[in-house]
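One chain, chain A, links the two complexes that follow: it is found with chain B in the first and with chain C in the second.
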Partner chain A sequence: MLKLKNVLANFKKQFLSISKHPYFGFIVLGLIFLFALFLRNMGLLTISVINTFTLVMIYSVVAMGFSLLLGFGGLASLGTAGLVGLGSFIMGYFHGIGGMSFGMTIVISIIIALAVGLLVGFISLRIEGMYLAIITLGLGEMLRQFFISYDTFTGGFTGTSLRSFKIFGKLFESGNDNYFNTVYIIVIICFILAMVATINIIKSPTGRALLSMKNSESAAQSMGISIIKYRLLAFILSSVFAVLGGVLYILHTKFSYPPQWNLSYSLDILAAVIVGGAQSIYGIIIGVFLIFGLKVSVLNYIPFFSNNPALIVIFNGVLIVLVVMFYPGGLIRLLQTSWFKLKIKLAKIKMKWRTYRYGKDDE
Partner chain B sequence: MAKMMNNLLIKVYQQILIRIEDKAKFKKDYSEVVLARKRLRAENRINSFEDNLSAKCLVLALKYSVNNDATKELIASKVQKIENKFYWRKRALKTSFERKSAKAEDKSAVEKTFFDKARELDNELSKEIETINQKYSGIKSNLEQYNTEVKELEIKTLEKIAQIERKSASSLEDFKKKTDNKIELLNKFGKYFKDKLFALVDQTKINNYGLDEDVILRLDNLTMRFGGLLAVDHLSFDVKEGEIFGLIGPNGAGKTTVFNCITKFYKPFDGKMYFRKNKIDTVFLNDYKVHQIIKQGIVRTFQNVELIWELTVIDNLLVAAHTLFKTGFFGQLIHTRKLRQEELVLRKKAENVLTKIGLLAYKDSYPLGLPYGILKKIELARTLMVEPKMIILDEPAAGLNDAETLELAKLIKMIRDEEKVTIFLVEHDMGLVMDICDTVCAISFGKRLAIGTPKEIQENKLVRDAYLGEE
Partner chain C sequence: MPGIDVAVRQILIIILGLIAIYAALDLFWLRKQTHKSLYRSRALNVLIVLSILTMIVISARLFTLPIIIQILLLNTIDLSILILATTAVVLIFKTSVTTNFAQGMMATFGAFFAASVVMKLIDNGSTNMTLILFAGLFAGIVISFLLGLFIDVMIIRKGKNVNSVGKQMITMGLVMVIMGIIPVIFGSNPIVLPAFSVDVKIFNIGDYPMVIPVQNLYAIAITVIVLAALFIALRFTKWGLGVRATASSETIASMMGVNTHVITAMSWAIAGGLGAIAAFFYASMGTQVQVASMVPVQVNAFMAAVLGSFGSFGGSIIGAILINVFSSIAPYYNGTWQLVIVYGIILLIVLAKPLGLFGKKIAKKV
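After this line comes the complex of A and B, so read on.
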């Protein structure tokens, strides 16, 4: 008996030490999403829930790249939509139409993202704040116009659709459960990898360098951090994340048309990062769920909102105003503080119970 | 041609030597950290075994009902627990009785039931206490058996502890031997290259830009112009190695501009700046960019503290150690083992620096909201992370009170003596400057007024005129 107790205590200790590792939470989150797929195949969840989850994961990947740029680098960008669109069209053109292999397409998309990120970074070198946002907005719109007019690549105004994809020599045709499940699993894997990459960047000298660039450029420079290098790096990282998000997007929805990648999409990503908390991965996921997931899963089914979609934008706007006014650190800060308060309250209740049970008060 | 070749070779050898020395140093630091960790772990294990032993002895003592202090305490605490429980039950009974007696007409009946119940409770309590006593001391005490079993246990645990000690010692030795071998090999290589380097240096005349042996920094006709304003006007002076050099002057004299020129925040309009990086290498500072200056061995602080407010104090120091991280971006992306080792070593180093400055208590707090004096000290600690040759302090005492200034003076002197660095500072607090500086240079409107020991400066007429106005 005593030995079993020891073994259990040891196990608990080890589990606690493992659960403190940041990867643990990510993998648990991925498993929860995977369990949702399992439930749907059992017939317990509707397909719309899985759709919501997929979209939340895809947009989280984009938002994580954006948070590296905004939350850590302190650089505002409004050209995210163009990059996501670019990713989707690369997938649609090179893999869907051109018949290039899946891995090669990913490599090409990363290379293109790198080039675009470098370009934006170089343009932005001497520009800060508002003006940077305006310039990136211009770049995003340029990309959109490019998508519309260059129709051999994007299919023009009607867009591209992806009917099937091939991975590891296996062909997946759209329209059946097999396709759906495979895409969902690919999205989960990419989501976990993106989270791992993000936390690794944040908790390494690069993350600190980005933060110091945001806080004080002169201090960063005098500590040997090259502003040019890290600005370019921030832009490159965010564009690679965005383009990969686009690739996942077209895999999931099977189509992409240019007018979709407009300013309001970029603003939604910005809103998601700000509402959730620009420096926390879980915060970003919460933000993405509030901005995108609620729209897809809840608000579209309420007649009040679905009859006039402009109200959804207003809802998002009110959310941003409230969060920025009361919780500048994002909703994750609110959750953390309330969790802390709850803990204190529970401890107080426990103390009261103990004094009631064992303590003697002076009469 | 031969000279050029030699110069090139010298540069190559130097690079190799730096790499080897860095690696050897890293290995040494890492082995120290790991050894300390392993020792701590072994100690913890031994402690846990000792704790376990005492717990087991207590169990045995209860089993054989040996009346030592520990068992008595245990029994007393159990009795106390039960008494407390009954106290509350009794109290509840009492309150209910009071409520009932206030309502009821026939008070005597209620009273009677109450007393009955109270007596029952008392009986129960005494019974439970008796059972506890029986449980733990009802059996006849058996000292002999207890002693033998305890002895067995002690021998067992002692054996285990000895085993752990032997194991940890052997593993420590192995680790130490391995790293020592590696370090020795590296040192051998280093010595080989060092000999070659020095032989080459003796052969060729190295361009040290005409700097004297003891001069570390030379400004030659430095001029800085902002539009029509001449902020620094043909300023030239030498800073000697290992001294505390003070630059003073009235407001707007161009002191901070000189600093910004040296650290390349401004591009000098005209003039040359030389810095002696080490015995062999002298660098022409005009050729370098802002972020390369720290690699030459010059670190600076700022007039109004420039810290990274979103990072903890120790992370701020790690930002300063940015150039010491050798892992590339992709290594950081997957958190390689090397990066973790580097992080461990540099974190330990940061802790050491903080201990030296006396800020270890603020290690994990955010700088936002800390007192101004401590922020200044954090900036000072930040400069020490890279083991610089020269520290440039921009008004270190600005905003500090008298006590803090005195402490700062002590600290600056301590840093100079212990780290063997040159300190170059701008200051308005004349008391501090005259107290700690070896050489003082006074400037006014970008021009040099005088240079010399503090006493000479104090007696200089030009300086007095600049500060107090002409008579």
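After this line comes the complex of A and C, so read on.
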């Protein structure tokens, strides 16, 4: 009996030490999403909810890259949509039409993302602040125009569609459950990997350097941080994340058409990062869920909103405005502070109960 | 890549030539000067002006000058819309230090209101079309004015220590709110908004007959009157002085007794009004008001403000004119790649002059 208790205590101690590790939360989150797939296969969840989850995960990958740029590098960019679109078209063209292998396509997309990131990074060395945001907006519009005009690559207005993909020698045809489940699992794996990569970047000297660059460039430079290197790095990282997000996007939705990668998509990503909290991974996921997923997974089930679709847009807008006005650190900051306050309240109640139970301490 | 033809090759040659000239200047002349940065910026200005002139000369040789003038005349309505939108963006940037993404939506709201007023008046049996349209325009301006006032007083100002990216986000949220509200108030279909006139006016320049739509003349006249009034107000009234003071430093201006709240509120309101005029004419171009119609204009206005510099009204107007000239001539070179050509040129100019053509470098305190 005593032995069992010891084992249990030991187990609890080990569990607690594991649960402190940052990866623990990510894996739990991944398992929750995986569990949703099981529920769907049992018929308890509708397919639209799973679709929403997939989109939330894909856009979270994009938003994490963006938060490295905005939350850590302090560089605003509005060209995200173009990069995500680029990723989707690379996948559609090289893998879908060209018949290149999956791994090779990923390598090509990363190389192209590196090139674009380097280009924008070099531009950012000369142009700063609001000007940079608007110039990247222009770059995004240029990319969109490029997608529309260069129709051998993207299919012009009709867009590209991906009928099947091949991974590890197995062919997956779209339209059946097998395809759906495989893509969902690939997305979960990429999502977890992206979170792991992001937290490693944040906690490493690179992340610290980016943060110091955000707070004061002159101070960072005087401490020996190379602005050129870290700006380029920030842009390269964010564009790689965005392009990979695009690759995942076309795997999931099976099509991509140029006019969809417009300014409002970039602004939505920006809004998700700001609303959730630009410096926290969970914050970003919450933000992405609020902006992209709330409508399909929650609001459509409330009759008040499903009867008036215009109200959903208003609701989203009001939410963004209120969060930015009153919680500049994002929703995650609100959750953290309220959790902290709750903890203090609980401690006080415990104290009161103790004085009631055991009497007051003598002075 | 398809579509690389004469124009793109010429532009590439001009750009490479400029870079070569600049490199030569840098090697043989600039490095020996004592005030390097001053001479460098002057040399860049001269080179940019030269390159723009060369482009115009080349395109004039390609199309002959009268055709270019004709193209520009037909695009004057775009030009007035762009100038109004740019001025509104710069006005808000000067006082609130943020780029207002809701500018287009505020304007569209005004245009919707104007169109519905026009429809009401026509239904009630009024016959004088010009008068009706002016009434509608006035109503649109007033409603956008009030909307701008409301946004600044009730929303932007109430935010708790919101920085400039935060303000940007608020305006983005407002885009969504207004986008949702428009169908609730005005119905989900686009509203028809007739033009002042569908006639054209024909006149001669030299031996060449020129055509200009009368609608363009209305747009130019209204733009010139409004902008003249605005610039006179900026130059000679107390509000204008306040705007200039707030633009240089909001804190110090408020310490010197400038009521910065009134100044920013008025700027938002006036920007709303300017936007309403722009959206009114933009809608009459496509004969109906749509929710998303002002987005490309807004993007162009941002680009114009960057090109000319956010700091000066005159500079941003010149930026708007340049963008209009580029984007009206570009389609005749190459229809599919016009946006890429125009934005590429802007990008190159901004790379050479990071603060815009007329921007002044402000020394930052570390």
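Before moving on, here are some points about what is shown:
Keep in mind that, in the parts below, the second predicted complex is superposed on the first by the 334 of 363 C-alpha atoms of A that agree within 3 Å, B and C clash if a C-alpha of one lies under 4 Å from a C-alpha of the other, contacts with A are read in each partner's own complex, and residues count from 1 in each chain.
Just so we're on the same page, contacts are C-beta pairs under 8 Å (C-beta built on N, C-alpha and C of every residue); 3 or more make two chains touch, one makes a residue touch a chain.
Just so you know, these numbers come straight off a predicted model, no measurement behind them.
Three-chain overlay on chain A, with chain B and chain C fitting side by side and no clash. By the touch criterion defined above, A:197 reaches chain B but does not reach chain C.
When the shared chain is aligned, chain B and chain C each come close enough to touch A:218.
Put chain B and chain C next to each other and count what each touches on chain A; the higher total goes to C. Touch criterion met: A:205 reaches chain B, while chain C stays clear of it. In the superposition on chain A, A:145 makes contact with chain C only, not with chain B. For the pair chain B and chain C, the minimum alpha-carbon spacing after aligning on chain A is 5 Å.
Shared contact residues on chain A (touching chain B in one structure, chain C in the other): 216, 218-219. Taken in their complex, chain A has these residues touching chain B: 197, 200-201, 203-206, 208-209, 211-212, 214-216, 218-227, 233, 279, 356-360. Within the complex, the chain C residues that touch chain A are 1-3, 93, 98-99, 101, 155, 158-166, 168-170, 172-181, 183-184, 188, 295, 299, 302-303, 305-306, 310, 336-337, 339-340, 343-344, 346-347, 350-351, 354-356, 366. Within the complex, the chain B residues that touch chain A are 81, 84-85, 87-88, 263, 265, 289-295, 299-300, 302, 306-311, 315, 318-320, 322-323, 325, 327, 329, 332-335, 339, 382, 386.
If you check the complex, the residues on chain A that touch chain C are 70, 76, 123, 126-128, 130-131, 133-135, 137-139, 141-142, 145-146, 148-150, 152, 216, 218-219, 262-264, 267, 270-271, 274-275, 308, 310-321, 324-326, 328.
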